[in-house]
Structures are given as structure tokens and as C-alpha cells.
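In the two complexes below, chain A is the common chain; its partner is chain B in one and chain C in the other.
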Partner chain A sequence: MRADSKPNRWLTAALLAPTSLWFLFMLIFPLIVILIFSFGERAAVGGYAGGFTLEQYANLPSRLKAFQNTMIIAPAGTLISLLVAYPLAYYLALRVDRRYKLLLLVLVIVPFWTSLLVRTYAWIFILGGRGIPTLLELIGIEGVRLINTPGAVLIGIVYGYLPLMVFPIFVSLEKLDKTLLEASSDLGGSPFKTFRQITLPLSMPGIATGCMLVFILLMGEFLIPAFLGGGKVYFIGNALVDLFLQSRNWPFGAAVSVTLVAIMLITVSLYMRMTMRSKTGRDESLM
Partner chain B sequence: MPKQSSDSQELDIEFRNVTKRFENVVAVDDMSLSVERGAFFSFLGPSGCGKTTSLRLIAGFDQPSEGDVFISGKSVVGIPSHKRPVNMVFQQYALFPHMDVTDNIGYGLRQRNPKPGKQEIIKRVDETLEMVRLSGYGKRRVWELSGGQQQRVALARALINHPTCLLLDEPLAALDRKLRREMQIELQTLQRDVGITFILVTHDQEEALSMSDRICIMREGQIIQTGSPRELYDEPVDRYVADFVGRTNFFDGDVIDITASTATVKSMSGQIFVGSQPKGATALAKGSKACVAVRPEMIAIKAVNDASHSSNISINGQVMNRIFLGEHSEYLVATEGCGDVMVLSPRSTESMNRSFVPGDHVSISWGPEAALVIGNT
Partner chain C sequence: MRIYAIAVFLFLYVPIGIIVLFSFNAGRHASELKGFSIQWYDKALSNPFVGDAFVTSLIVAFSVAILSSLMGTAAALALQRLKGTPKMLFDGLIYVSVMIPGIVIGIATLVALVTVFDFLNPLLASAWPEGSKPPKLHMGYASVIAAHTLFTMSLVIILVRARIAGMDRALIEASMDLYATPWRTFYQVTLPQIYPAILAGFLLSFTFSFDDFIISFFVAGANTTLPIYIFASIRRGITPEVNAIGTMVLVASLVLLLTAQFLLRKRTQR
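Moving on, here comes the complex of A and B:
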């Protein structure tokens, strides 16, 4: 062991302390509380009454619809965001004139300067009765209902989460050595083959990061389904809000939370193993 | 058979009045040139002279703004790079980082339509690996290789496609000096073995001189001179070429007399120089500004009281500096009225005469055949 390793170890510990304490008190500790609550019973006036029972978990099927909605719409929303974001990121990173690049990037971020709540509220009007359906009626298409459908929720999701998908993909495409594309073309690769064999595999780290960010956040989403789903498209997040704030059934809410965390841990770790193993070259980190 | 088609069979690459503009910058300016099949041809010039653009016009990464580019007698204007029968070795190699050595080398074959069978690809990759002396490296990741090995993978990846012409963009710039020397010899051997045209872009005159059959010297998008290394060295058409290829002493003055092949120049200090005019240079006029170029190895250095000079031009001076370089010595002589002159004195004459030390008064001289009178551009 080297002589200077000891002070370094103290320094490392000191540097890690704030983060570790934060994680301990703000993440681990609340999670333990939730876990304990989930095995308790509801007090008569609401809240937590202690005890040990598996009743809350046995009751989970009553929220099956929320789980189903989340498990279908979150991956679908992630996929659609990816499909919309990739061409945009590709254009920004590889095609656009250098002079306009910064401006266009700023335009992607600008919506973030306003609260998602306000922006989602605006979508209620766009998708609602006097929005797009009225416009469609003008050209003769009648009876279209957009608001309060899974489609409306998906539109809201793709709109709200697009920048989170665009940026990681943009960064990985921007880092891409452009001479690799010329090399591929020089060796006889058509533009499509070059994209499939060079551009796409080398932008996989960005795709993986973007999908993970969007998917994790979507699993806990409640604002967009509440506004644009109108209580008909119900996410786990909405179930949790109801259970904790409306019916004050804390133990059942805790059980739903624990289940959500478990589902996320399983899917994310499966996903990470999948992307880490894929051949993305030297740069195998997700970021 | 019409003459033109027989010509084009001999030629691999031809430029006819090619101009390439990037917005308002002219990178290549009305350039015409031809490269014979099987030649080792170099574009030589400082950065920004248009040599890389010329190579990219052949590869198809850029299209000419005006003029015509021919590969094997066929115009390729408008044809994208993936449909051209040429391959390139990139300056930083541009190996695909997500593929191993085998997949990198086999990449070109896999783009073919119809695609050759797996066994066929493996066989050809193995053969090519052997050719660049990398047998057994197929499963390595490209970033695990040294610079020289990456260079060979880049060569193999291009050569496996049997291009009519191999393009090399400063391929040795990223290697250290010793490795560069080795790769120069290897490239020459490889070119003789595969027998295809190599077109090299370099800013290193030594590299161009040692490897090429023909060199094209460029400046500001134009060709200044094309010729064999020897022609460029012995008969540079102007001061730029003489200065760029090898080392030269220049003496400025006015042309006072002209014959068919020689010119006489009088310097400001009144010194008279006689020299030949290089073939292909623009003719000088009496009274115009010119310079006399003399290669340092053509100058003899003697003690000042040594009276063995005859019709030679001789100038007196004082030794300022001497660098011993093994096979020869390099002197810097401050002359009376003609500035500092560099003299390379081979060891054989050093041992016959005595060597000089700084401060010695010497006489330097050369015959009229050693001097060239060229336009002062």
C-alpha cells in the first residue's frame, strides 16, 4: 500500500459525505418508512395505524388498471419520444448550419422555462372541444374526440419529455467523428447502410440514456394523465395522489409505492444489462 | 482508334479545369492534371493549398464547382463517394470504434451488392491481414492497437476492395519519426506489390520526395509544378518550389543578359551571377527582377588564399557557424555583399582540405551549371 493512500481516503470520505447523508436521509430513510407503512393498517380517521399485515398487498389488484395504464403508456411514450427525438437530434447534430445550431438548441430548451403545469394546461385547450376538433370540423371531419383519451396523454407525454430525449442523443451524435461517416461512404456504404451500421450503433449510449431518463420519470408521472386523461387514463402516480391525499389510506398507498419501486428496479436493471452488453464500442457508459 | 480514348486508358485520374469554391473561398482554382495508372503520385504543399480538397474531389466527398474529374477515363462528376472505385486512408485512420479489426477490414466487402459469402469475406480479410503483417490481430478492438498497427488496418480496409486508386491523406502525420520512416518504405513496397495508383497528400517534402514517382506542388489552389522528385529538385520553375523542395541559397538581383538557356544576374552589391534557366519556367526578360538559386551541396568552400578557382563564381566571406552532421558539415558563411550562405561540405572533401572553424576567412565558389536563375515570385 502506498504511503499517501490514507489521506486520500479521508479526502474521498469527506467529499462523499454530503451526498451520502443526503441520500441516506432523503432517499433511504423515507423508503424504509414507506416499506414499514405498507405492512401496517389504516387508522380509522386515515393515516397509519401500525401492526403487521399483508392485506395491503393482497388489495393491489384493485388498482390493476392504473398499473396496466402505466406499464403500457410509459414504454409507449418513451418509444414515441425516441422516434420523434432522434430525427430532430440527428438534424441538430449533423445537418444544421453551425450558425443556427445554438439558436435551435435554445428553442428546444425554451419550453422548460415555463412550468410543465402551465404548458400541459394549454394542451387541454388545444386538444379540447374548441381546439383541434373544431378545426377538423371546418374541413369536414366530425366527431373527433381527443381530450381525455390515452392518445391525448401520449401527446402530452411526448411534448413534455422530448427535450430529455433530444439532448442525450444530440450529444452522442455531436461527439460522433464525422470522418467515420465519410469512411463508410468511401468503402461503399450507401447513406442508409452508413446510418444503420455506423451512426445508429455509435449513438446507442445517447439513446439508452434518453430512454432511461424518460421512462423512469414517466413511471411516476401524474400531472399529464390527470390533466389530459381527465380521470379516465389513470396512472400509478394518480392512484398514489388519491390514496395519500384524498382517501388518506397511507398503508395501501405505501404498498402501491413499494410495488412501483420494485417494478422500476427490475425493468431498469434489465434494461441496463441489455444496453451495457450491446457492442457500443469504447464508450460503454450510459451517459 | 481515336487518340483520346487510348490516352484515357493510360490515365487513372484526370482533372480538367477543375475549380472548387467553398462559399467565397476558392480551394482549387482551374486545375488540370493527369495521373498515370500505377503511379505513386503526391500532392505537396503547405496547409490550405488545396491538396486535401483535390483528394476529396477524387474520393467524391466534395463535388467540383466547375470542370470535370475522370477516374479511369470516365467522368465521375455527380457520382457520390460510395459509388466510386477509389478508397481512402484517412489522416486519423477513421477506424470504426465499435468493430474489431476483422469487421473493420471486411466492411467494404459487406457493402457490396451482392454481398460475398461469410467464408469468402473471412478468407479475404485473412489474406489482407497477412499482406499488412497483422495476422492474428483480427479479433482485437481497434483502440487496443498502436498507431502503426491502426495505420495498417486502415490500409488493409481500403486495399481489400481492390480500388483502382488508393488515396492517402497525410497518412503518416500521426506517427513518430522512426515509425514514419518504416511506413514510408512499407507503403512503397506495398504500392509495387499491388500495382495500383497511390495518390498521397502531404506537407512533408521529404516524405513526398522519398516515396513518389511524380509530385504536384500546389499553392493557393493552383499547381505550380508537376514532375519527378529529381526534376523538382534540379529544375524548380520558381522560387516557391526551390524553397519548398530541399534547401536553397537565394541571391536577388536584376537580369542583365540573357542567352537561349542561361541568364546573367547582377546583384545590388554588384556581384555578377551566371546560371541556367530551368525548363518549363516562364521566360525572363532583360532588366526584370530574378533570383539565383544555388543548392548548398553544390558550393565548395576553400581557404581565401587558395587560388584554385577558374571560371567559377567565387565570393569571399567569414565562417559564422559550423554544424557537424556526420556524413557532412553544414557551414553558415557571412559573405561580403551577398548575405549569409549555407554550404554543405561532404566528409570526403573535408578530410582532403582542412575543416574550418567560426571566424575563418573563406572563399565559396560554384560552377555556372550549379546555379539556376528563376523568376522572383
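Moving on, here comes the complex of A and C:
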């Protein structure tokens, strides 16, 4: 390769300029403003008044319920999605005829790229008064309430984010060396043992990616609790919409957003460190 | 195992099917099926609010897709020449802009832009000549497009970079050895190879922007996009008209996605 000449360097800079501007004005600058606001005070008419106080952060416990709901339902939703997605990914990657594999995978992914709003709204219909509860009444079970419960929110979560979980697990299972599975059964390993000692460890990277993607999106979720939690089961996202658009308490809302981002960064980096360590541990044991 | 897979597919598609089914409902109420009718489509299509929201969404999504694919591709091409700290910095920013929740982007953009506008508007007003009406900066098309583009631009960078990584470098070297100009090498060798990734990035950016609710909800100002309109209608109560609009939105995304699939397949086969 040629050494980087001067015109080349100018070209690189020019190609990166628009992206850099975007990052600067649409990402870094807004995040700094939010951080500054979170130390400010609420103006009498709403909005922001300057100052330096930790009052907003001290006030966080008043939204404890939102934090609790998010921190319980988001991991639970991630786990249930994993349990539902894994067998499907396994089936698609290892059991389905090659001819239909791609078609079936596309069928799983497509819903994810269509409107989450419309798909979640379908569940208001299904779980609401005239949906499943009416059907249950026909067979004699009465007084079942489904909508506006944590269960309804969990169903919405699994429904909305299942494709995102299936895809990475499918990719890692698809790459898996099938001769390993044959070797294991030839050596008398039971199907369960083969799964536990070969398939599962080798699909770990896919599981880790899927869980992280779903968990991150769930932390900032607004629509699913808004539609299926009906003001009873609400997330940090719902508290934020309320703080910014209804009560116009910007400094407090800023403090809540900063806390949300901080919790996310901490859990994600802890999680990444954990999965990295288990990966290196396995590599050593393989050697 | 197969039965399980069928059950999951049903779980994924029955709710969508129900929306489509009820959008053809002849009855007034959303929850009782009373024969077939397309009256709700008629009603939705003749509703001026729906039309306006649809046009707004199209303008936003189209601008986002064009901006993202141009800037994202340019950045992806430049990033392969970058080394050391600048490269790490860019990688970090791309990572953060994809990972950060949409709601935080919406809020941060709203707060930052309102602050900047509050500062600039009096300055503009005082600088403007007496008598004429000074321009007033406010949230609108530009703010939604800019906020969506932050995410979709990074998406395009990731897609195009993956394609560049899988590209045959020998072809580029051969082209340069044969004394092609850098521009000609780019146009005749690099571009045809990364084209499918750019196109996929364009279509995914379009779909993301067209379907996004939460970012637009904060930064769209007085402009109502289609998802914002649907959200507001659902809040007022479920009507068959909403089902008809929802069905049209689903069909639109579906057509786009299948087009992307088809084009990508055709390109790779050649």
C-alpha cells in the first residue's frame, strides 16, 4: 500500500466531516445539556432554571416504582424471550431443510421491522375486555383480567422483541461445526449431554448478544407499558414522558434520564465483562 | 419441535392477522365482526389528518434514508483508513449512538434544541431589520430528520463496513496497478461491491424512520407523523379506522422489506 499522502488525509477528513458534525451536535452536545440540566432547578412555569443542586437526584426515590418495574420486568422479559427463542433458533438452524431455512428466518425477522406501535396495539385488542376474557367466559371461566397487568406487559415484550433474540442465536448455531455433534453421539453421549456440553456452550455468544440487545431496548421501553400496562405497570420511559411533556419538570426528568443511562452503562459493561470472562475460561479449558 | 415452531409462528402472525381481519369489519364497533367491508379504508384515506401525517412521515423517512446512506457510506469508506485514537473515538461514538435508548435521544435533542433556540431567537429578532418579521427557529422537520439520522447513519456505517471487510482487496490493488484513477477505482470496483449494503442501509433507515414513534414524539414539534397520529387515535379509543391505517402501515413496511430482500438476492447472484 502507498503511504498516506496529504491529499489522501484531506479526503479522509472530508468524508468524515458530516458524520463528526452529527455526532457532535446530535449526540455529545445534547447529552452534555441533559447532564447540566440534571443539576439545575425547576423554573416556576416549568422548564429549567440555572443553578447547581443535587436536589433532583435526591428526589429520585419519588419515581422508585418506575425504576423497580423496569429493573424487574426488563430482565424477566429478556429471560422469557430467550427461553421462547432458543428452541425456535435451534430448530431453524439444525433441523429445518436447507431449502426453507432462509425463508423461515426471514419470516421471523420481518415483524421486527414493521411498526412496533401497530403490533403492540393488536394485543390491546386480544387481551382487552372483548378478546381472550370473553372467550374464556364462553367456556365458563369468568372475571379474568389480562390487560394492564405485568403479565400483559411481558407478553407484549416477548412478542415485540422475539425476532431480535432469535437472530443472533440462529447465527451462532448455524456456524456450529456439525461434526462435533456427530462425534459426541458416536462416543455415546446422550442427546441431553451433547446439548449441554457442546451445543449450549458454543451458542453462548449468540445468547449473550441477543440478551444484551433485548435488555438494552427494554430499559428505554415506553410503548409496550403505555399500551398494555395502562398506567398501572409503568417503566422509566413512561415516567420520562410524563415528566417532560405533562408536568414539564425538566431538571428532574434530566436527572432520571442520566440515571437511566448510568444504570444501562453499568449493567451492560458488567454483563460484557462476565460473558468475556466465561469465554476466555472456556478457551483455556479447550486447550 | 416442529409443533413448537408452528406455535411460535402463530404467536408472531395471529395478532397481525387480527388487525388485518378487523380492518375489513363492516360493523361500527371494533370488537364485533359483522361482514366484509372496505368502508374504513375509504374513511381513513379521505381523512385529511391521515393524509397529512402520511406525507410528513414520507418526507421525513425519505430525507433520513438519503442523508444516512450518503453520510454513512462516506464515513465507512474513510474509517478503513483511520488508525489509533481517532478510530477508537469513532467506534465508541457509533456504538453509543446505536445503543442509547431512543427515548433518551428524543429528550436530549428536545432539551438541547429548545435551549439553543431560546438563546438564538432573541438574537435573530434584534439583528433583523425593523418592520420585517424575523424568522423564528422551532422544532419541526429538521429536528426529527436530524435525530433519526443519528441512529440510522450509524446503522449504515456498520452495514457498509461489514461489507468492506468482506471485500476482495486484490481487485482494488489490481485496478490501481492498471493505472486507474482513485475515482475510477471507487466507481468501477469498490462501489459495485458495497452497493447491496448501501441499499439495505437505505431501506432499513427508511423503515426505521417511518415506524419510529418515540423520537418523533419528542422532537417533531407541530408536525404529526403517522405513528404519532396512530398513537393519539388509540388513546382516544380503538376504531376500525385505526385498524385500516395500521394495516396500510404494515403492508408498506412489508413491501419495502421484501423489495430489499429481492434486490439484495439479485445483486449477490450476479
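Here, the second predicted complex is superposed on the first by the 252 of 287 C-alpha atoms of A that agree within 3 Å, B and C clash if a C-alpha of one lies under 4 Å from a C-alpha of the other, contacts with A are read in each partner's own complex, and residues count from 1 in each chain.
Methods note: contacts are C-beta pairs under 8 Å (C-beta built on N, C-alpha and C of every residue); 3 or more make two chains touch, one makes a residue touch a chain.
Please read all numbers here as calculations on a predicted model, not as lab measurements.
When both complexes are overlaid on chain A, the residue A:Val33 reaches chain C alone and has no touch with chain B.
Applying the stated contact rule after C-alpha superposition, one finds that A:Val144 touches neither chain B nor chain C. Contacts of A:Trp250 after superposition: chain C is touched, whereas chain B is not reached.
In the superposition on chain A, contact of A:Leu270 is made with neither chain B nor chain C. In the superposition on chain A, A:Val84 contacts chain C only, with no contact to chain B. Legend: residue contacts after superposition of the two complexes on their common chain; A:Arg119 is shown touching chain C, with no touch to chain B. Set against each other, chain B and chain C differ in how many residues of chain A they touch, and the higher count belongs to C.
Within the superposed three-chain model, A:Ala262 lies out of touch with both chain B and chain C [touch as defined at top]. Applying the stated contact rule after C-alpha superposition, one finds that A:Leu187 touches chain B and leaves chain C untouched. In the superposition on chain A, no chain A position is in contact with chain B in one complex as well as with chain C in the other.
Contacts from chain B toward chain A in the complex involve residues 59-61, 80-83, 86-88, 90, 92, 94-98, 107-108, 111-112, 141, 143, 157-158, 161.
Those residues of chain A lying in contact with chain C across their complex are 4, 8, 11-13, 15-16, 18-19, 22-23, 25-31, 33-34, 37, 48, 84, 87-88, 91-92, 95, 104, 106-108, 110-111, 113-119, 121-126, 129-131, 159, 162-163, 216-217, 219-220, 222-223, 227, 237, 240-241, 244-245, 250, 253-254, 257, 260-261, 264, 268.
Interface of chain C with chain A (complex): residues 1-2, 4-5, 8-9, 11-13, 15-16, 18-19, 22, 30-32, 70-72, 74-75, 77-79, 81-82, 90, 93, 96-97, 99-105, 107-113, 115, 146-147, 149-150, 153, 157, 204, 207, 211, 213-214, 217-218, 227, 230-231, 234, 238, 242, 246, 249-250, 253-254, 257, 261. Within the complex formed with chain B, the residues of chain A that make contact are 177, 179-180, 182-191, 193-194, 197-198, 201-202, 279-283.
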